[in-house]
Amino acid sequence: MWIQVEINLAPRQRGYHLITEEIYRAAPQLSEIKIGLAHLLLQHTSAGLTLNENADPSVREDFERFFNRLVPENEPYYTHTYEGDDDMPAHLKSSLLGCELTLPITDGEFNLGTWQGVYLCEARNRASGRTLILTIQGE
Amino acid sequence: MWIQVEINLAPRQRGYHLITEEIYRAAPQLSEIKIGLAHLLLQHTSAGLTLNENADPSVREDFERFFNRLVPENEPYYTHTYEGDDDMPAHLKSSLLGCELTLPITDGEFNLGTWQGVYLCEARNRASGRTLILTIQGE
Amino acid sequence: MWIQVEINLAPRQRGYHLITEEIYRAAPQLSEIKIGLAHLLLQHTSAGLTLNENADPSVREDFERFFNRLVPENEPYYTHTYEGDDDMPAHLKSSLLGCELTLPITDGEFNLGTWQGVYLCEARNRASGRTLILTIQGE
């Protein structure tokens, strides 16, 4: 069985946001799959997707602080700057974190660790909504 | 054909460890697959998975030294610190390296490059065992 | 339907290169797939694959400058140095960026965002050609 759904995420603040539940809601047919894989592609080059800690918001806040230092704004050597100070850093963060993920499915659910959730990593100051392509295959 | 196996890895020291052979041993049915894909999810948020050089241990030692500098301990802005100095750096390393991989299968084997192996990237000082979910599909 | 193709990329300069069109040309059967997934593995440990901005070459030039600063050459603590100054940094960049990607397929095409393309991230000064394994499954 193949399922493919476009998920439209509402605009969010710059930062790291848990979106696991939104993905579940977009694919109720997931519950029928005993073994399978779910693939997520974020169709953007200035935001990312990653798996990390799903409980304590301080992890997500420390992510924002760390990545802002790792990928500084206004580096004198940036040449791709016409969309603002957050333009080039957002492209770089997207590739450091990645923008696609594959998740195993077992007995109708994502088979993640207890503490794992999907983060949308929003790297723009004033982002529009973001689009995910969810592709599921299983039996 | 779908195969799904839980692989329990013994605890390892902080550092980078080749686990390709352990993955093979967990899935002998792999040998029957002509074309397919194998997906690995590490069910943890304080360790990672990556593909890199499988021969010279100095690469894995330089990985440990590099990532400890890239993601320092005790940054004054970290707020998620209650599990120790290695807590927040481990979460960050996990997302920089990623915790899931997909490998092609050809004629019963992973179709990796000559020098590629799967690394478990252990980022905690005193880690417990780690769990991988291996999901294989092929024909 | 399963398709698996080896793609031989010509040698390229150190830097970031768009290869989306080469991947399309290697798999004309893609046009018959309504829903599916395409997986790319770069069989090397000194180069990477990532999705990023497909239009403005300045993004790719800034990638080269940024990653050269993030992963410096000649760090005194590197021990894996016998292939030159670019040896260990190339391994590290490969794992930071990743060397494998999965792309959704919809109606015979990769279902990427408008601005997304596949980058070959060449991290060696004098690289040989690079080999990709493209594995496609769909219906």
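Which chain is which? They are A, B and C, in the order written, and residues in each are numbered from 1.
Just so it is clear, contacts are C-beta pairs under 8 Å (C-beta built on N, C-alpha and C of every residue); 3 or more make two chains touch, one makes a residue touch a chain.
All values derive from a computational prediction rather than experimental measurement.
Student: Determine how many degrees of rotation, between 0 and 180 and to the nearest 5, align the Cα atoms of chain B with the equivalent atoms in chain C.
Tutor: Between chain B and chain C, the superposition angle is 120 degrees.
Student: Suppose you list every residue number at the chain A-chain B interface; are over half of them used by both chains (same) or under half (different)?
Tutor: Chain A and chain B contact each other through largely non-matching residue numbers.
Student: Please report how many Å separate the Cα centroid of chain A from that of chain B, as a whole number.
Tutor: Those two chain centres are 20 Å apart.
Student: Could you list the positions in chain C whose residues touch two or more of the other chains?
Tutor: Residues 70, 96, 98, 102, 137.
Student: Where on chain B does chain C make contact in their complex?
Tutor: For this pair, the touching residues of chain B are 35-37, 50-53, 56, 58-59, 61-63, 65-66, 70, 96-98, 101-104, 106, 111-116, 119, 137-139.
Student: Given the complex with chain B, which residues does chain C contribute to the contact?
Tutor: Chain C reaches chain B through residues 2, 4, 39, 41-45, 70-71, 75, 77-80, 88, 91-92, 94-96, 98-100, 102, 131, 133, 135, 137.
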